[in-house]
């Protein structure tokens, strides 16, 4: 079992929180422009990156995510004017705290992706999946009960 | 009576661990709690009061009860108890007299009809080795509940001094364990134990709480005690945390919850506290809405409700953990003194 | 292995009847199509939906029904909300029966019986009433007083009108809180209706309903000369285990799940006022 | 300390007798010299149990949320650290300021009985400060300990001053300590990722989820906590495995980030002595670094760091890079 998870076939579970007004549309654009991003990225649409409560991120890890990425509008471009400025502070503190507790800092990422940046979306996702694949399975944050029986 | 040199205790632990699980006070990150022994673990038998009591050997903080697999409208129930049944027998080592008495209190709940088979399986698989106290502390008041801290029961009773651990088997299980480690034990020790017991008893006599008056805590006073105006004042600083409950060796309230896994649903049981505001919360109301009511429930249960249902046995063993651990220093001793003192009014 | 009390059985919902806007009655049998277990009137069962939660409900159907069990459930919390969304054929888990039953084979025998219920409080009484109807010759006169907020909130009015009202030596009185179009029956709260009826105080009474109704109805009954030792009610508190171990449903030194839910009023008088 | 207590008692009597206040919030004596409990005194008669000594470490501010809603005015004795919590609660509209009469009371650090007991000293009957040392009297005689070894962890690095007072009872001036309250945080930051993970694993695995840290916290004043709310999907009563411990403690600290005054009650009450303040302090340190120095509770007005922003804030992906430091 151990060996299987460590060989190259490991495909990480990635959760992407995407803002409805930018990156979610960016993902659409990526799709319609035939730019690919890995299938193991599960997108959760949120009304604004500011909606992403730190609990959501931790909950995703608890349920077996190997990496979590939050995508929002570029600062200054928020549909709700200031939402992503708050996101930025909040997520900065959370990232720092996760690292402080010894969680690999590469596992969580935040990217600003506008609705027009289909290509960027695809590149970001490909890069993130690559990073997490190299990093390996998330062993420090998963709830043991989730994978029980495997 | 038998004995073993203190320096050889690690050999004893290793020997027991070969064929049985061994659960004893271990220091981790500065605190001593009961945990499974392993090479390199820091055992601390001298610690008078582990933070958590050994109750979690039988009634763990959290345990799986069953699993559900759902497919469409169908539900399949998977019994997980066989996992426990196959668990190898284990030894609970170093249990103090108060904590041992607390196991009797728990037995009366979990082994009463209908028997709780989860608890029972662990209880039956366990050999309990008790350890007499030699340095009781000012927060101890086991004597009030008729407990002799110098001669605890259990399958094996032990005493510890500077040089030796003295060993006395009391039951068949205890004899079997003695036989298992016979090579490590030598004869003797009666005198040392007697000397220690005498010295300890002298301290026990002098403890500040050794003469608490319990006479008012009787079933016939249930309503008087319940309606006593002093509860308001006694509980006013209560934070509603669960510290007292979780460090208490006799608290056994639990919650049953479901957890969604990738495989289905896991139903588990976990410790719960009557001090929590959602303990009695129902969809349409709550029977205990104030912290005073919750505080009262905890102490009434220990001193009146439980004894009334269990032949007068109090559900407090005087271990004093709540005395030491309550963040705001509220505890059962203050309750006993406040309410018990009104005896002659 | 299966006799562990915390491990439930799988039940199949074979029929769902919508009684009122917020009460549905669920018919449950085992996966083999047979009744899950036997019970006595007034006893309860733990019904759960894995992943949502487990709740205690009184068994509405009479033990004399040999085919299935019924639960009348009002939508008011997490579990009941999900239950109400279920369709026929869905499975739930059930364990029980729990608690003491009404003394239908004891003190009730040969007595004139008065049943007073408010709203969903009829659920536990329905079981007794139908039991008594089944063994009609064992009991005396039966009087049923049932009230609800409106005529739409009367649970399973059909059975009441077509069966109970036609039962010999049985009187049924219905009331609703406020006047309503299409209702020509009595209007008013249960407690005052009970007093108006001037019932015979020698009857054995069984009360079930919201606490406020119980309180005032009891006062009314006492005024009429009823003896507290012949008035029964059932209590409901938060429960997790159903067998007196989880420690939360106690009133004083009694556990509702084990020593109740059926209590005589005289028993309740001895307990602290915390329910 | 006795003189301070006497003054406080006199003042409490005056206030109650004159009817200026309906009640006084302070501490009452326990069974020993070291276990006083927070208490409300409504009459001069009740004041017989009043105490103020070296073991009155509890922060009284949170009790005022409920008490300030009561009829009449309430006088409360607040230590320097307590005044920050008080201000913060006023800012959050949790305490009705106009109903409270704040008496700033002297504090030169409070003692931790568990630290004294950990030195092998039992049957403590009293403790007195003597310069930098503490004389502990016991049934078996007197012991002398270094003050720095026996003060509560929260007091060891405290340089706080009164932020609010309607009057004061201060007989001894405090000397400023030359300590860096972030030293321990910095020590952890300097460790490797694995070491940090191991450190918190060891510490948090002791957590019994008693919620004392949450319930005592003056910043945790939600009517219904997310961890008690089944609808939050993260409610739980027990740490079933390693993750739950981290989730709980990260979120607990996060929810008070920018509002935590560093009163240190969380660490004081932890029955397993988990250094929870190191989580809160990490947030405080980061906020200071990223967004400029900020001390919650200094004022009863204004925005907190997490309810404000600037356009040029540190990017989350950059928090580990040099520029954020």
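Just a few scattered comments:
In order of appearance the chains are A, B, C and D, and numbering begins at 1 in each one.
By definition in this document, a residue touches a chain if its C-beta (ideal position, glycine included) is under 8 Å from a C-beta of that chain, and two chains touch if they have at least 3 such contacts.
Quick caveat: nothing in here was measured; it's all calculated off a predicted structure.
Closest to the protein's overall CA centre, chain by chain, comes B. The greatest centre-to-centre distance from subunit D, using averaged C-alpha positions, is reached by C.
Centres computed as Cα averages put subunit A at a distance of 45 Å from subunit B. Averaging C-alpha coordinates per chain places the centre of subunit A 36 Å away from that of subunit D. Subunit B and subunit D have Cα centroids lying 31 Å from one another. Here the spacing of subunit B and subunit C, counted between their Cα centres, is 39 Å.
Of all residues in subunit B, those touching 2 or more other chains are 255, 257, 259, 272, listed in ascending order. In subunit A, the residues touching two or more other chains are 145. Residues of subunit C in contact with two or more other chains: 53, 78.
The residues of subunit A lying in touch with subunit D in their complex are 54-55, 58-59, 61-62, 75-76, 82, 85-86, 88-105, 109-111, 140-145. Residues 28-31, 33, 51-52, 61-62, 135, 137-138, 208-209, 233, 236-237, 239-243, 245-247, 255, 257, 259, 268, 270-273, 276-278, 323-325, 327-330, 333-334, 337 of subunit B are the ones touching subunit D in the complex.
Per the touch definition, subunit D reaches subunit B in the complex via residues 30-32, 35-40, 58, 63, 114, 117, 122-124, 202-203, 205-206, 208-212, 214-216, 228, 236-240, 268-269, 271-274.
Those residues of subunit B that touch subunit C in the complex are listed here as 65-66, 68, 70, 73-77, 79, 81-82, 109-110, 112, 114, 116-118, 219, 222-223, 226-227, 252-258, 260, 264-265, 267, 269, 272, 274, 279-284, 286-288, 293, 297, 300-301, 304-306, 308-309. In the complex of the two chains, the subunit C residues touching subunit B come out as 1-2, 4-10, 50-54, 76-78, 80, 87, 89-93, 236-238, 240-241, 243-253, 270, 272, 274-275.
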